[in-house]
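Paired with chain B in one complex and with chain C in the other, chain A is shared by the two complexes that follow.
Presenting the complex of A and B:
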């Protein structure tokens, strides 16, 4: 039972929440007018944090792209030389091409697998099993990518790995997974997709749950069954979720590093070398921090361009209910 | 919020802000040492900061030598900082990050891979200290082979004193050898003898066994074969100078005349026909199922695989003995022999020692640490077990290998005496880029046909030209 004082407190709180800032005080001025600095006080921790840890490093990184710097000696201004060298470097070119190919294959697999499994789990499984599979498919994402890759490296070892041992049981000869260009690319994609599809899966589960049952019922009345129902109802209504999932998947995939670095070190040759690996190698192995920044700037521009293109295309292909 | 009297308590914004402020101040005060970096060993208390590659356990293991040092130099406080790393390249990256952050250590334990990078940019030469303490240091140099010392010479100056080292000798599994009906190979066995040995091993054990396991690294990968074939993937020259050291400390050494002011690797050499020939030999081993296709940077599982009798031979140094013993291998389960002969029997080795940083707060104190670490007393404390080969010849003895093997442990130090041209890992100041260039092309070179080999070597040549384009 509420007491009188409790009621007073509540009404005061409600008034405050409802628009205290707009209500004039005793001096006739609103709260915002009396304390104009107050919003900035609340925003300050975020602004300062973002400024120090995000904005300044971005500015410094872009500026660094115009300098030659090896950490030890003083930096020297070189204009656009770093960009020119980067563009001419065949390793950088190959690594960007690898990254684009990786994004195309890995993201397609990641989204396809996530969507297929989400539909299966949401439609075919009882509620208690759905909870289990949501956790199970998400679990790899919380593991360290480096640890997973070390583990996978053992599994895919040509001579002593479990994968080849299993294949040998059905008469398939040992596959040089990590020592041939095709094999190593396949393993990197496989490990990456296995570890990352859980996030897209959860997004699709959420998206599927938000589709009204009535829509499916209406489609059934119109004669749609099985995959046609999914083609004409599920996919269009999931398109906003697909947009978000694909944007995030592409941005993540463009920055792939851990899996190829640990599994193959970018080899054999440059077959699994990615853009971020080249950034790492330029900076911390060749001590060309300016060039590393230049590659980083180019990669950022590519990510921004692709994301902008996705949102532009979304106007034609995404349907909001 | 529910109050103790069951009524809602009104927490004002001012109170909340105050609590937040107190919380922030409290957290800042509590984490002040971390925020200011004063909790980093050696910072803020003027102690000498020593960086080694390893874990906290490795740093703790060095405590005995720190204690022994403190007895001799009670005025110099020392803190050992262990830095975990996958390999030396990774370790140097982390040291460079510390330099960039403005928190460089005073002394760093540096292996051959980084010796010239440090000598060129980060380290302080030891020449003046050695001249000053020449009488004291004579005993050290008399016990250490000049080949090891020469590896730390750079442009006529000495930057490190070798503490431990390892050559790429050839380990073999005695059981696999017996199963193949073979005896211990001769000291001067050739690369063709080696191939025949592998073929016999393969015949005796057709499956679940690899006659030759090798890794794709700068040490123990393709380089020992290149050295044996009197070539390398980089053109090796030597700089002038250094007579002060050789005349001063190795006046009676028969190899004094061939010593120099240090190695130089200024140009690529991947298009040398002998390089092609060496790679082609390895390609043949892979093609015929006698050797593995090497993974890049592999080797983590090597001890386990060798100890479980699944590998016939592999190149390694004295650092393996303790690991094999811990993995259950008995003294007679394996043995070691010189690397096979080709045009020469030149071996590859790597060594390590302390480098004083240019930025060291107290270089005299740092030198005292370097000097003490090279003493017999300190090295006996640091190397109680054969997990590396001590640079002092007198320490490589029966007692070190007793009960652990290998039977022919003398091969380790004899490598330097028998083959005085034995050389260090080719590691110019651009080592990281050079190593990346080599590693990325080796797998392709030995995995396909002759055309692919040629293409991989062309690519290696180009990558090396790019890596070496800026000379210091």
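Presenting the complex of A and C:
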């Protein structure tokens, strides 16, 4: 060990000296003197690709929001008409309302579960059990939301589903999960949280691991035990992680599509229709591309506002060590 | 004097015993709660596996079984008959594989430029790259769809592959990775007479393989499971990817043959399972990268 590190130090010194003596320009790393175009060769695939498939579409999407276009006839400029129509459209309004309700409930459940389980996993526990639980909670993340929704639809079947069978064992009559507005909303939320809480769980595990053990020792010397310890030590010290985890969870939940599409197709009625579902439907089923873009612009503005709020909040409320 | 010390020592010992017993109970309680959570998480997957291994007629049998004690592979035979599953697998593999390789190459190049090469506007350009991550793909899908349609690529696999190759997140990840590698390697390579390209190719790229594998595994996991873009970009069944094919199979079949659908679901999970077993660490690191943990 010691010899290896000594050699490394020595060779570093030699190299440093040689570098100083021989380096032609200011910076040996850049190669700027000889080939100023070189960085652009490295960047070209990404920059050109993102220009075509991300930046231009963003601009086009904003522009398109001010046009009426069904692909077949020529686009016509309509000013803010699309926004006005979209804001008044009852389906769009219900869908945004659904999305906001979904985000509030799903994110609260997701973060609560993730935090509770992360604290329990990180405390004293046999090592093999810790590994097992961590892998288990992480596992749903690797599955496709579409596949998960496929088997969950069977599990929540009113007559033959396992969920209602389990409920019947404790004397609860069959719940009409997928045929009532409330039941459908509950299934979409449960299935979404089932698959995604593992992501917040991972973030919390990382955050908990970075809290120094001495802090807990100091707290227990002061007489803090059990949940009081977590209330007064863990939660404040975890607040940067909590903020990141909640913002990421909110942004992801705002874009929910796969689960409601496969589980309920937005129904019954519009009860589980989400913002992204109406973008999909107005663009690719009704061919109202201008309106779809207007809805997309509104959704993006909401997401950007939340991201901006994150930065504000992190300055004011988050406790940094 | 001696009696007091003895008494306090005795008290201390008793206190310790009480506390340890309390701790044992709290550990047991936590294990119970965590086990319930684990059963709720793994139960549905086990049910899917065990139901796919039952004859179609017994799909909805209650009480359900969660362990495939008496496996029956009829449904697996059926899924090959009722669904062009080999075609779906080939499509998914092509799309996912080419996206993953494409992302690894482009992200390595761009990440290296942002980390190790100096050029005008580097900071500004990198900010633009990061900013694009804020805009959800569902929002840009309409113009992307029109562009793809305009160049005559609609309803092809290329329509899924090309737009997914440039990756802001991968570029960010690789920049961080290259920044973590020692800078004097480039100096040493320059002294040895290596060109900047050679320095990247033979010195930095091999060292960045762990970072690159994270980019590749994340791309694989995301695009293997992707549903939204294939739903929009492909029309004919021969261009479907696995998730899309399975959802349409569920739509076509009645509830009588759910074990067939579930057999397809299980088959589609196998590659993800392999990644889970061998690349869990990389996947975890990648998913939480850039969250400032």
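The working rule: the second predicted complex is superposed on the first by the 288 of 321 C-alpha atoms of A that agree within 3 Å, B and C clash if a C-alpha of one lies under 4 Å from a C-alpha of the other, contacts with A are read in each partner's own complex, and residues count from 1 in each chain.
Heads up, the rule we're going with is that a contact is a pair of C-beta atoms (placed from the backbone, for glycine too) under 8 Å apart; a residue touches a chain by one contact, two chains touch by 3 or more.
None of these values were measured; they are calculated from a predicted model.
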item	value
Combined model on chain A where chain B meets chain C, clash or fit	clash
First (chain B), second (chain C), both or neither touched by A:269	first
Partner chain(s) touched by A:284 [first = chain B, second = chain C, both, neither]	both
Partner chain in contact with A:162 - chain B first, chain C second, else both or neither	second
First, second, both or neither for A:81, with chain B first and chain C second	neither
Chain B versus chain C as contact partner of A:71, first or second or both or neither	both
Greater chain A contact set [chain C / chain B]	C
Contacts of A:210 with chain B and chain C, given as first, second, both or neither	second
Region of chain B that runs into chain C when the structures are aligned on their shared chain, from 152-160, 242-250, 260-268 or 296-304	296-304
Chain B and chain C footprints on chain A, overlapping residues	12, 41, 71, 153-154, 157, 160, 284
Of all residues in chain A, those that touch chain C in their complex	12, 15-16, 18-19, 22-23, 27-32, 35-36, 38-43, 45-50, 52-58, 60-61, 64, 71, 113, 117, 120-121, 123-125, 129, 132-133, 135-148, 150-155, 157, 160, 162, 165, 194, 199, 202-203, 206-207, 210, 226, 240-241, 244-245, 248, 251, 254-255, 257-258, 261-262, 276, 279-280, 283-284, 289, 292-293, 296-297, 299-300, 303-304, 307
Touch list for chain C against partner chain A, complex	23, 26-27, 30-31, 33-34, 37-38, 40-42, 44-45, 47-48, 51, 60, 62-64, 105-107, 109-110, 112-114, 116-119, 122, 125, 128-129, 132, 134-136, 138-147, 149, 162-163, 165-168, 171, 183-184, 186-188, 190-191, 195-197, 200, 221, 224-228, 231-232, 242-244, 246-247, 250, 255, 258, 261-262, 265, 268-269, 272-273, 275-276, 280, 283-284, 287-288, 291-293
Footprint of chain B on chain A - complex, ascending	3, 5-6, 9-10, 12, 41, 70-73, 89-91, 153-154, 157-160, 176, 178-181, 264-270, 273, 281, 284-287
Residue ranges of chain B in contact with chain A within the complex	7-8, 10, 17, 89, 93, 96-97, 99-100, 121-122, 210, 213, 216, 292-297, 301, 305, 310, 430, 432-433, 436, 439-441, 443-444, 447, 456, 459, 462-463, 466-467
